[in-house]
Amino acid sequence: VSVQIVEVFRVVSHGPGDCTGIKTLIEQGVLDPNDIVAILGKTEGNGGVNDFTREYATTTLSGMLAPLLGIAPTQVEQRIAFVMSGGTEGVLSPHLTIFTRRQTTKPAIQSKRLSVGIALTRVFLPEEIGRPVQIEETAKAVQRAMADANIDVCSDVHYVQIKCPLLTAARVENAHGRGMGTLTGSSYASMAYSRGASSLGVALALGELDSPLEENSVLKDWHQFSHVASASAGVELMHSVVIVLGNSPASASNYVVGHAVMHDAIDRSGLLSAFVSAGIASSDDLVSLDTGRIVNVFAKAEASPNGQIRGYRHTMLDDTDISATRHARAAVGGLIAGFAGHGAVYVSGGAEHQGPAGGGPVAVVARV
Amino acid sequence: VSVQIVEVFRVVSHGPGDCTGIKTLIEQGVLDPNDIVAILGKTEGNGGVNDFTREYATTTLSGMLAPLLGIAPTQVEQRIAFVMSGGTEGVLSPHLTIFTRRQTTKPAIQSKRLSVGIALTRVFLPEEIGRPVQIEETAKAVQRAMADANIDVCSDVHYVQIKCPLLTAARVENAHGRGMGTLTGSSYASMAYSRGASSLGVALALGELDSPLEENSVLKDWHQFSHVASASAGVELMHSVVIVLGNSPASASNYVVGHAVMHDAIDRSGLLSAFVSAGIASSDDLVSLDTGRIVNVFAKAEASPNGQIRGYRHTMLDDTDISATRHARAAVGGLIAGFAGHGAVYVSGGAEHQGPAGGGPVAVVARV
Amino acid sequence: VSVQIVEVFRVVSHGPGDCTGIKTLIEQGVLDPNDIVAILGKTEGNGGVNDFTREYATTTLSGMLAPLLGIAPTQVEQRIAFVMSGGTEGVLSPHLTIFTRRQTTKPAIQSKRLSVGIALTRVFLPEEIGRPVQIEETAKAVQRAMADANIDVCSDVHYVQIKCPLLTAARVENAHGRGMGTLTGSSYASMAYSRGASSLGVALALGELDSPLEENSVLKDWHQFSHVASASAGVELMHSVVIVLGNSPASASNYVVGHAVMHDAIDRSGLLSAFVSAGIASSDDLVSLDTGRIVNVFAKAEASPNGQIRGYRHTMLDDTDISATRHARAAVGGLIAGFAGHGAVYVSGGAEHQGPAGGGPVAVVARV
Amino acid sequence: VSVQIVEVFRVVSHGPGDCTGIKTLIEQGVLDPNDIVAILGKTEGNGGVNDFTREYATTTLSGMLAPLLGIAPTQVEQRIAFVMSGGTEGVLSPHLTIFTRRQTTKPAIQSKRLSVGIALTRVFLPEEIGRPVQIEETAKAVQRAMADANIDVCSDVHYVQIKCPLLTAARVENAHGRGMGTLTGSSYASMAYSRGASSLGVALALGELDSPLEENSVLKDWHQFSHVASASAGVELMHSVVIVLGNSPASASNYVVGHAVMHDAIDRSGLLSAFVSAGIASSDDLVSLDTGRIVNVFAKAEASPNGQIRGYRHTMLDDTDISATRHARAAVGGLIAGFAGHGAVYVSGGAEHQGPAGGGPVAVVARV
């Protein structure tokens, strides 16, 4: 039978315009550029509205890959899903994770293995950001990405990465010029709305919702959330990109993916459960953790919206100097790096409707 | 025999000008203000030069305690050692730790128990900051504080907290006006010099140095460091305050203190060793950790000066938006809170000569 | 007849906890503390949610004045209107402006002279911030303050300073706990709503509105604004403080006040008009400007909400590192200081409904 | 005779990766890409160490121009001098200024007109930054650029723009690895050293020094400075780029350049003198200022190192949240935009040895 083989490479970056890591793998014949389906990166900007390191990295990668793929740089972004998450606060280290996929006629493996699928939504209008239509269009794209990954069962989906748009002053003006109102005039606030709607779209697609969504549930009804969604907003696009990671019987990869939910930003128990889910720890202790098999950890971090963590006040939401997403990435990054043994892990900020309020999903890709 | 009994109270703060927590303990008769020897606080400023939350908190506490002690507010700071460390990034939560001490004629306990001692240096001149004279004067004060704590053996000292001065533009001008040069014209940089010299003073006093210090060892020779020093620089003073915590045979307290060194910002193994040292974990695993007995964790955090953690690049030192000390506190605070179970722990930034480069001491005060 | 004599003193601050400037004036007999009606200060915090320099300055001043006035520190704030505006970006210099007032039987002067009046609103609930009730209660307080200043004609009012509350995470939770929703969950955003509603309250009181306000006009209908309102939000109060400055026939002061509106952040022509209005420049040129008679300049600054200034894009609203209010204060402060000849001027951020969108009122108090 | 004709174009940028402005001019035949000698840009990063908008803009422009020039992107930077200055704080607006030059046999014009010349230094080693060798190599390059501009007389040079390197953690390590010490370990501090040494290089070349430089004059002896130097440090290069602007008898351009020195950050009189020098104002007043003829204003801004402006304390150097260079650009940008009538002016931070301490040179390019 035809199965897919996914491979995952993590390379460090020396700067947002650096792609020597991936280039070297290609030159060494280790990685065939034609097989690349997705590249997830942590870049060293502020992760906010004016973080241009994301588009700079994407532009540089597209420019490097275009001649190798025999297409124009602008076409590369149509073919490969780029998700650059800005912000390497604290111990986090800029890096890229490259997912490749190829079909093979090898016999399928008994157990389910890592599989990846991708899909794009249509282009959104500024006034659609954070509203029901963004949820619905995202849900449709998630289902297309599951099909692309050969995953039938929702519980086999362990991570859904979404890159979604945000509002800028110009985009808000554009809507106003057409007589339309946006949900917010603040670019920074729009990032939260967009991540929230995207994540509820994942929850809708995977049947994770308790009840039908109400009209204004985005950033309101925190009880509704996805256990596997991870959304990043970026200024460089107006559509959303969806990447599904799961384990599929139609995969012959040497990797598996697992996940758990961190219930708050300091939930080490939840974090350890993710390692257990990926098969590299036997229980909630550190001695059994086989860090050598970790390919990457993908987690979302956020400042709990009620201003507290386990009853203790945090100051992230009241800080006018540093945005709450930067605070949260730094703290959760510190915890995860302490377990993984290094800072080149993918911790992304803004976990609205991604896990419970103040917490977030955490997925682990591990070698078998 | 006469022994000392130390008690330790940790109360949360609702803001830098809030002292309702300690006031309530006093009103309830739990805490006698006459017994207070030291108050260590985490306040929610930026921890940098223009962090006025430290002096605001100190002023407010002095003003509240003065009438209870029957002295003027300015005299309170002569009697009680206040150390306010600014910066509650990420999950860290503003709080105060109050140390009280009283003499009693109770029989001494077989085992050594928590003891505290304090001392002040003389007032420094701006041009002395970061230079050998600051090291030497600090060392003398450490020895006076050890005597005050009834500790004879250096290895019984587990934590030496120092509050030291920094340079402002006005202080640099003052030195220039007298024809003297300061080590740096940058206030932010002066904080590092002052913390470094203070910590080498601790190392000198406790016999922790490999070899005699050279003329310009501060912020140069990273191999020289103390395993127990914790220094914070603040704009509100020009002398240094020294607080020694250790275990003494002349103490009948219900607390003990232990410590270890984190070798880098993600050293979970070092962190666990500190819990073992304090007698609340049996080995390097999480299952045995008795978090219920933790009174507080005192740790220093810093961005490793070589720009890397275990070979992975970090971006803290190259970030012009957020100071490296804020990054480091957020990350290390995330890790420690993940172990301690909450964010009201004392993580302080800038660990120059406090533990190895990029790491720092971590002390744990625990109930017996 | 009985007339009032207002005096205005501007003193520099060496820090938010410094009140030596005003203390010296009192000790020298230049300023009678019993005459103080209002103190407007620029303090060196970030001007945002977690700017504690405002309450620190107010607390320190109250503590210093209390024994001189023979009342408790907490009563001082009931008697004197303190308005501390955080943020001395760029060339701005921390300082205090003290307004005193006393009644006298001197004969009235032919021309109208500087007069001051103050009033407080009731305490607001978190859910009232930014909503019509805040507008209406503010308007009532403005009218009481006008009466207090002996000003009958609205056109004699040249400056209305308001200090208004903001939301914190705790206050939002408080409202939620009572089943009420606040206009926003973001503290930073709430500052804009509160300033906007306060300013529309001034416009309502002074008859500056084009048409009756609609339900949701705050931060929506930018055509409605006051030409003389200046509102600052601060975490330290939940009611609003209103200070009216104008010229009154019942004043025998040696000062006058004038004002104009800056139509955008670079409107030097508007700025010069304010000097003309105060009688210290003869026309729109710099040669005639008599800077020696300036006591202080009071201006509001903001990033134009459409993202442009005279057709050129600005980046203030899209900056996740520095809040837009800090950017705006720095830029407008640079312009005004260039005209006034020094940076100890009162430039305050966030000019929602204070002057046209992107601009703001500017008032000048000058010696006759 | 053969004369040069310089043309100057200012185009706005919609982002650091946007080059539609210049592209449109090329497509319309207004600008011949082969004539471009220099592009000076203001990009919207933080202007600090981790400001990647500068290299992103340069990379994008090189990539766009390469096929038009028939050379590789990396060769474009050898041929055209790119100087991207990060930081558009406050009212400043991102834009590019493009200088073209071509030889013609037109008869020379009686008066001197705008002329431009460029030169590169050799690549510097990290340990050379801020030291005498950087001064000397820069001086040589300035003289080569003057020759390239056909300018013989130093007083005809009105502006010398330099782009110089800075230190990163990696570069400091590189020096250490070779047993060499750098002047500072801080990237941010290294920017000041590099700008300072570059500017003293200009002063040396143009005979502006009072006396021979002493060994450690950089960032020490503030009396030594250039009246026309403007230096920006950037992470993207290790050599320096020198651009000389002046008026030459061998130019037939329709532009002239003038300059003056602002003695501090609020020196409106100095600013007006620059407009007078460029022939578009008749004296120190605003009425005569012909803003319509301004092509661009090039100014340097800095926080005065003594912490004061005209005796009033500023807080820029003590702010741990916002770097002093950002503060200074915002303030000076506000003043200059108030005079120029818009924010698309080139105000660059860090004026060490560029004008007197706390001030800076300001040049004006105007249409004849």
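Going in written order, the chains are labelled A, B, C and D, and every chain counts its residues from 1.
As a working rule, a residue touches a chain if its C-beta (ideal position, glycine included) is under 8 Å from a C-beta of that chain, and two chains touch if they have at least 3 such contacts.
Quick caveat, the model's predicted, so the values are computed rather than measured.
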Touching subunit C and subunit D alike are A, B
Where the centre means the average of the CA atoms, what chain is farthest from subunit B? D
From the mean C-alpha coordinate of subunit B to that of subunit D, what's the distance rounded to whole Å? 45
Rounded to the nearest Å, the gap separating the Cα centres of subunit B and subunit C is 41
Which parts of subunit A, given as residue numbers and ranges, touch two or more other chains? 14, 44, 46, 50, 170, 313, 315, 321
Under the definition above, what is the set of subunit D residues touching subunit B in their complex? 46-51, 168-170, 173, 185-189, 219, 305-307, 313, 315, 317-321, 323
If you look only at subunit B, which of its residues touch subunit C in the complex? 14-17, 44-45, 50, 52-53, 55-56, 59-60, 63, 170, 321
Would you tell me which residues of subunit A are touching subunit B in their complex? 12, 14, 44, 46, 88-94, 265-268, 271-272, 284-287, 309-316, 321-322, 326-328, 330-335, 337-339, 341-344
